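In the two assemblies presented below, chain A is common to both, partnered first by chain B and then by chain C.
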Partner chain A sequence: MSATFIPIVAGHAEGVDAAAPVTPKNVPHHGGPANPSAQALMEKFGSAVHRVDVVWGETTVIVERARVNEIVRWLHDEPSQQYDFCADVTAVEFRDLELPIEVVWHLRSLPYRRFLRLKALIPKGQPLAVPSVWDIHKSVDWMERECYDMFGITFTGHPDLRRILMWEQYKEGFPLRKDFPLRGRFSRSEQLRQALSQNPEAKYSMQELSIADAFEDLPRDMRQRLSAGEKVGE
Partner chain B sequence: MATTKRTVEVALSTTGLDSRGRPQRVPLVTDQSGNLVPVTASPALEPELEGDHMLINIGPQHPATHGVLRLVLELDGETVVRCIPHIGYLHCGFEKIGEYRQYNQIIPWTDREDYLNSPGNNVAFALGAERLFGIEITERCKVLRVMAMELSRLISHCVWLGTFCIDIGAFTPFLWIFQQRERVYTMLESWIGARLTTSLTRVGGMAADIPDGWTDDLENFVRTFPKVLAECDAMLTKNAIWVGRTVGLGAMSSAEAVNYGLSGPMLRASGVAYDVRKDFPYLDYETYDFDIAVGQAGDVYDRYLVRLEEMRQSIRILEQALKRLPDGPVNVDDHRVILPPKSKATSDMESMIHHFKQVMEGPRPPVGEAYVAVESPKGEKGYYMVSDGTSKPVRWRIRPPSFVNLAAIPKMVEGHLLSDVIAINASIDIVMGEIDR
Partner chain C sequence: MGLSPRPETSRVTVDPQSQESWVTTRLDFLVNWGRANSLWPMPFGTACCAIEFMASAASKFDLARFGMERMSFSPRQADVLICAGRVPFKLAPVIRRIWQQMPQPKWCISMGACASSGGMFDNYAVVQGIDTIIPVDVYVPGCPPRPEGLMYGIMMLQEKVKKERMADTSLRNEMEPDPNSQLYISPRLIDELSEPFGNSINQTRSGL
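Right after this comes the complex of A and B.
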């Protein structure tokens, strides 16, 4: 059908153990065999790899924040690694507010059947920014936006970093941060009032308004609202 | 009340004969100089449509968007030029709430997240929490959980097939397949008491063992369900309308599908043989004999074929699980995580202490973190939990497969017709409860 169609079979890289993988049993809390990619990362990047941990059988590599993009790209391109599937991007903030915020990437190498957790730490008081890996893995597009929406972490290099789950004019901050109360910052009545006044279906972002390139093409109700001074979502 | 009869008189002129030999009649109008002339559709009256793109909104209140999804589409005629999805209408903050709940108290939230796959989510969450606690579950529990996961895969795919048929315009398979879904829900009801929000598992075991005679129901279901599936297959797979509405739409190549993070049937339809059950197994899936279906073109039709085949494979797994279901305890013998019998709580001092500690404080895992992924009907569903040693997680993250799959929809719909957007969207099999969480 498609010219670019090449079947991919997981676990068929050279040198992969031919035996089918099995369910992990009696996984130790700490220790156990580490993912060989961790050793390769230490050899390749040296001081940019701060620590390697094996917790519950999963290898965690804590890397320097500024070099995340470079490291993920190497893991993606290097023929002996081939981490081609970025499963998850998220962040963790601990209840002890002195601990740094961790940004976590869960990577899978389908050809080698490996799983690797990368972490970058953002110490307290430093700007919440990490490099985006959007140019390597398109899958992180919405996950980085969600992480920005929920934690306020800026992924530098992401082409369209704006709120995704909360509406664009949301004023209360970043909900998954520990200093955000479970019930929100405003009273219930104020939250309800703000939510009802949003009418998000009638709002278009500047990107969408650029589609209707002339003001005359807009629906009449939108034209009236815009000329009355209402701000479009941005 | 008297009705007045009014006849609208329109002056007509005959301009010729149509293909069946009947006179073509055209209304006459008065032109500027007072003469009666037949109406002609002058090209100048038609708006110039070329180059003028239209902005339209699908949803969020639209049945074909499978929930509260809003798509803003830029159309050139009927062709989609750009698609901008908007989500978040169902956002409830599950992850935030989970940070304030004990592990067993989170299980009801997992029901409500991907609500078509509640038993599967319960099992996935329990597996993650058990990794975090370092618990090995019993053999009977493993087989029961495999049954729960495969049944929930069947009901999720049943809903997908039914709604997909409706979206494309076929009504009959929807009725056939929803009757089968109803049978699974009846079985779940007799197992756990709830139908949709099952809360089937607990950390270290199950909320309940199966009742007597339940396996007979399951055997009956496993025997008869393939017939209904074969009927749907016969109705749709070679149906000209079905093929015409699905083939060649929204195709993703294998490399693109991996790069866009697609998972589950979406990824396999693109020709990537990756299934969490095979490649990162859990619950001893490697000991079951089943195949994974892989598509060839990555279009909507292949996704349909892959999901249909997955249902047959689920039936195969269920048959094997029925054969091997061992006797023995369901829950682990560890009263730090599993409640002792209620009757003992009032007669045995130690049991009372366990009850009190578990209900008031909750079981405490050691400091650590775990990411456990399972193959949900939508794709790779992962639960990432971080513990700081207290009875509530520091962070509970859901890796939602529909969320990542939906993120690729602009790539899939661009260049297709507006009516195909509905088919492509239906083929992703999204659940907004999981996307917005």
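Right after this comes the complex of A and C.
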């Protein structure tokens, strides 16, 4: 073995004399002590941090949309923060369509036992695009694809932004948007027709299968199909 | 067949005084008896119904009593497709393909409310009854059905198999989907089958 295996122990960065974590009780709905990382973010990025909320003891930092990648990078690399795990990427749209769409990142710092929620607001009329943090946290790959699939938010910089839950030729829009009818836009027979016309075997990309190396050994029909691109069907 | 006839065995003699056992029956009955008691299931489990299906196959309920102890995870060696759970539209071509890969004779059991009608998932993602994709022989209601319910459905299917006539070749006709739309029943009928019912009529919040 070349490198020494260093296990990650939650809370090790706080020092040996740090108090053991306890389950907080009587947490207020609004207010209470904020995550110290919020103060650090405000000092570091200044006007890019718009607001800090503490809801049910969890800190939400609303940041400028264009600088999300930079902020997540700093939170990841800075030794005093070490947010090394991105637990979730999702979005929120409100029934009041005048309110902006929120894109949410859930970050966790294992060494400091901290949880931080980042939000970026996309006001009405602006393009639904935020920077991807895929280059920092590889775990967001499928989560950003799901967010794109369900809300139509483009994560610029994502290497393979395709639909993940619905099939790739899905034409009805983005299902979790508020203007999307519960049963979809098309009739049931049309939905079924489009679903049946997809080719389930043509949806694997070269990256997913890791077969690029074995390309020459594949059957000839599969080679032809893959070299012609995966967009088969409607 | 290339076999030379063996005179000593090709002639049937009846000696009522001998101790040899004899049964005469219809070929239909014999074949159907064999088929009905050796149905090999192809489990297509997508949701909680599959858990009940596993319980049915396990020791307490013991599907082996019906000659179904061998779960056939290859459609090529299966007789019954048991669809246990909801089928999203993305899986529609998959279950269609599995059904087409199964050799005749074949049957299908739609297990549970979701597979039979979409159940409570009257939304954009879920097929409203797998009978819009493949033909179904027996519907088992329940959410999910208890193993007893599934067994009752299996026994109904066995009765159905036992009533088949080999003279009726139309039973074994393969389903032919429309080549353009891949649907095997008319779009109007699919819309009618998928029509919401009960409380779910009031749940659409479109036109916001």
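Assume the second predicted complex is superposed on the first by the 194 of 234 C-alpha atoms of A that agree within 3 Å, B and C clash if a C-alpha of one lies under 4 Å from a C-alpha of the other, contacts with A are read in each partner's own complex, and residues count from 1 in each chain.
By our rule, a contact is a pair of C-beta atoms (placed from the backbone, for glycine too) under 8 Å apart; a residue touches a chain by one contact, two chains touch by 3 or more.
Everything numeric in this text was worked out from a predicted model, so none of it was measured.
Asks: Quick one: is A:66 in contact with chain B, with chain C, with both, or with neither? Answer first, second, both or neither.
Replies: In the superposed model, A:66 contacts neither chain B nor chain C.
Asks: Mind working out whether A:110 is in touch with chain B, chain C, both or neither, as first, second, both or neither?
Replies: In the superposition, A:110 touches chain B alone.
Asks: Considering only touches as defined above, state whether A:175 meets chain B (first), chain C (second), both or neither.
Replies: Both: A:175 reaches chain B and chain C.
Asks: Determine, under the contact definition given at the top, whether A:197 touches first (chain B), second (chain C), both, or neither.
Replies: A:197 contacts chain C only, not chain B.
Asks: Now for A:95: first (chain B), second (chain C), both, or neither, which partner does it touch?
Replies: Both partners, chain B and chain C.
Asks: In the superposed model, which partner reaches more residues of chain A, chain B or chain C?
Replies: B
Asks: Could you tell me if A:189 is touching chain B, chain C, both of them or neither one (first, second, both, neither)?
Replies: Touch partner of A:189: chain C, not chain B.
Asks: Following superposition on chain A, which residues of chain A contact chain B and also contact chain C?
Replies: Of chain A, residues 95, 165-167, 175, 180, 182, 200 contact chain B in one complex and chain C in the other.
Asks: Residue numbers of chain B touching chain A in their complex, please.
Replies: 52-53, 55, 57, 60, 70, 72, 74, 82, 84, 86-89, 91, 93, 95-97, 100, 131-132, 134, 136, 248, 251, 253-256, 258-262, 271-275, 278-286, 294, 296-299, 366, 368-371, 373, 380, 382, 384, 386, 388, 390, 394-395, 397, 399, 403-404, 406-408, 436-437
Asks: Within their complex, state which residues of chain A touch chain C.
Replies: Residues in contact with chain C: 95, 97, 165-167, 172, 175, 178-184, 187-193, 195-200.
Asks: Within their complex, state which residues of chain A touch chain B.
Replies: These residues of chain A touch chain B: 1-2, 4-11, 20-23, 25-27, 29, 55-58, 60, 84-88, 90, 92-96, 104, 106, 110, 113, 115, 117, 137-143, 146, 150, 163-167, 175-176, 180, 182, 200-201, 204-205, 207-208, 211-213, 217.
Asks: Across the complex, what residues on chain C touch chain A?
Replies: Per the touch definition, chain C meets chain A at residues 89-90, 92-94, 96-97, 122-125, 127-128, 132-133, 177, 181-183, 187-188, 190-191, 193-194, 196, 203-208.
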